[in-house]
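Down below is the structure, laid out as structure tokens.
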Amino acid sequence: MRKFRNIAAAALAAGALVALTACNSGSPTDPAGGGEPAPEPEVADEVALEGSPTYDKMVENGGPIIGVKEDQPGLGYLDVATNERSGFDIEIARWIAASLGFDEEDITYKAVASANREQELVSGNIDYYVGTYSITDQRKEQIDFAGPYFVTGQGFLVAADSPITEVKDESTFNGKTVCSATGSTPIQNITENFPEVKTQEYDIYSQCVEDLLSGKVDAVTTDAAILIGYAAERPDELKVLPDTEGNNPGLFTEERYGVGLPKGDTALQEHINTLFTDGHDEWQKIFDATLGKSGVEIEQPEVDPVS
Amino acid sequence: MDAITGNLDLWRQGIGTTLLLFAGGGVIAIVLGTVVGAMRVSPVPIARAVGTLYVNLVRNTPLTLVFFFFIFGYSALALPTLPNTILGIAAIGVYTATYVAETLRAGINTVPVGQAEAARAIGLPFGLVMTQVVLPQAFRSVVPPMMSVLIALLKNTTVAAGFSIAVLPRLQQTISNSHTRPGTSMEILAWVAVFFVVVVMLLTLAQRALEKKWRIAR
Amino acid sequence: MSSVLYDVPGPRARARNRVLAVATVVVVLAAVGFVLWRFTLSGQFTAQKWSVFTYTNVWITIGEMLLNTLKAFALAGVLSLALGFALAIGRLSDHAWVRVPVMVVTELFRAVPVLVMMMIFYYGLPTFDITIAPYWAVVLGLTLYNGSVLAEALRAGVEALPRGQSEAGYAIGLRKSNVMMLILLPQAIRAMLPVIVAQLVVTLKDTALGFIITYPELLYYTKLLSSQARLGSPILQSAIVIGGIYIVMCLLLSWLAHWIEKRGRRSAKRPDAGPHDPAADDEVTLTEAISMQTGAGPRNAGGRLPG
């Protein structure tokens, strides 16, 4: 008797779910941040990059395997409804692939969590990584970087109608609540040095942003690039704060994003660096189509010399 | 050895949080489990049904999902926020309570009905029947399986690591991300495993000793 | 109908039971009502939050993730059964040089938490330049743990068999291995079948740990859905739906365990099932068993016989 009840309940639930899917298929009717399509970089033909084992592997496999993030709107985002990837980092990755002669269809994307980035590059499971990857000396012991292609730092995101219009430092938020990722450096910094600022921690940033939109927290803090990504999705509801010196966005640390490469592949490193240096127009087009929608203006940085 | 001595603060935090989850979760599990167990064997059919529903629902859910509900779902309740550790204690307590309830029910059922009926026949009230006759006998059957449940609870605290709670497995991520702390991932995880093996072995030996001491000849 | 805890209820006890019943219903409804009210307050039942489940693409991916879960479960289940057999036979060996190491290894695998074992395979092995995919880390971790638990269950089953069985086998001239294979193990398996299937349910539940080592199974997808900012970050909704899927799967497997146990009951006399495991308990309380035997009592427990 019990088993029949269980089966009946399960069948009913399954039937209800199937009925639900009949409602909607395909893409959301109005994707936030829709409008200008992302630029389609020209696929180079007759590329012959010599001396790059990574490039040879890509040619052998018929296309690159690119490590990316998939939960950062505006930077590296996978839309589950359409299975489309979009964002600044994704477009940079596509640009690099096009310059190596690979079409969009040849690219295989692989979502790699922050903790596993070096491991995946060292083991060769991915060919290169584009995803809020900060250049640090410790990481350079295991892998190489091309770029940087973006410079950012810790920033603050508030509601568009927030009374706070600029940030001096964390003390601007005395008595208010600032949200960030659990155990992250900004939270540790605030709890140690700014005890009058209340903190809220979540595992995933989108929860922080949801709280910000509903008014439960007053600000979200992390790398400004990530915050700009969220602001670009909802430019009328969110904004990234400038600092008191008029820089927009106001940055309180420095993070330089680079393209992660396997160690020792200087040929590929030089190729990508040259691409960045000579391709300022393309960089600007990519920026305007993704992060630029939030209204901030950022300059393309100079690349580091190949080490 | 470097992996331990160079990270003493992290080890202390990891072991402390593990024990906190174990103790807090254990208390919640025993209290809630006793209530649910009592509901399951009570003469009230509604209470029995509710208890059975709760036990079957939670027993068929992965602990990871229970954690997910408590930690991510709590914010949907629009109540003042709690730190992840507290939510984790609640999650693991609610999950383990089902096993406590089952163990209690099974233990009560090993006491022959004749014992209770004889006690009632000589006029003992409910309280004395319980404390003088039933519970002392049930105790022997309950404690060894209960220790299994507690050992499982200790091992289940590791699941909290997937939700940014600073239990022992989290040490591996913290240390390998910092690049300044000594110890490779393998060393850290090996030492974490050693910790659990030692503690679990001790508890298991205690459990076996109790089993042998209280083995009932029927 | 009496039991250890309470006697046949008289008029006063019946009245008290009615009050308790009402009180239970009130408490449960109050708790559920409170939760639903708070959810409505925070907008969890708005259409936007549930909209993510109206896209066929999402359901297709849920199906793929479900397949990943089942793949890991199937292989882990088969391998742990095989390992369980091997370890059980080793434990029952007459030779100390086999028995003692196997005992040490079994106790070791049982003492280490499953997640730690999975992490050792996924994060620890790269220290030795061996990288394995998350799938294999999940399968190996599950196999080692559940294999050793099953080994203990099988050993208990064999040792609980009447000695006459093996003595009869030796009496007709069978060797130790034949006695084990032909006589002892088949009976032990039949006796321990509920425990074995219960452990398989545990294996299925523990596949959910895979998301912590980035194995793309259902819970991993839940987290990805939760970060879909464009679709309202439906954290609770995806947890409820995907949780429902898990519960249905485990209920089906548990029901299978129950059904097998009931079938085993009806067949010839089974040996005592060894140490009591609350996880494999059935639903009949002593109360109902006695009421059935004496024919008294208004309640019929559905015709189930005591074991």
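The first chain written gets the first letter, and so on, giving A, B and C; residue counts start at 1 in each chain.
Following the convention adopted for this analysis, a contact is a pair of C-beta atoms (placed from the backbone, for glycine too) under 8 Å apart; a residue touches a chain by one contact, two chains touch by 3 or more.
Every value quoted in this text rests on a predicted model; they were computed, and no experiment measured them.
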item: Furthest chain, CA centroid comparison against subunit C; value: A
item: Pair joined by the larger number of C-beta contacts - A-C, A-B; value: A-C
item: Where subunit B and subunit C are represented by their mean Cα positions, the distance between them in whole Å; value: 16
item: Interchain centroid distance [CA atoms averaged], subunit A/subunit B, Å; value: 40
item: Multi-partner residues of subunit A (at least 2 other chains); value: 207
item: Contacts with 2+ other chains: residues of subunit C; value: 42, 126, 226, 235, 251, 283
item: Set of subunit B residues in contact with two or more other chains; value: 72, 75, 78, 176
item: Parts of subunit B lying in touch with subunit C, wherever the complex brings them together; value: 39, 41-47, 50, 52, 56-57, 59-65, 68-69, 72-73, 75-79, 99, 102-103, 105-106, 108-111, 113, 115-117, 120, 126, 130, 134, 138, 141, 145, 149, 155-156, 158-159, 161-162, 168-169, 172, 176, 184-187, 189-190, 192-193, 196-197, 200-201, 204
item: Interfacial residue positions of subunit B with respect to subunit A in the complex; value: 71-72, 75, 78, 81, 83-84, 163-164, 166, 173, 176-177, 179-180
item: Of all residues in subunit A, those that touch subunit B in their complex; value: 115, 136, 138-139, 182-183, 200-203, 207, 211, 216
item: Subunit A residues within the subunit C interface of the complex; value: 1-3, 6-7, 10, 13, 17, 20-21, 23-26, 28, 31-33, 70-71, 73, 78-83, 112-113, 116, 119, 122-123, 125, 204-207, 209-210, 214, 230, 233
item: In the complex with subunit A, residue positions of subunit C that touch it; value: 42-43, 51-59, 61, 126, 131, 214, 223-233, 235, 241, 244, 248, 251-252, 255, 258-259, 283, 302
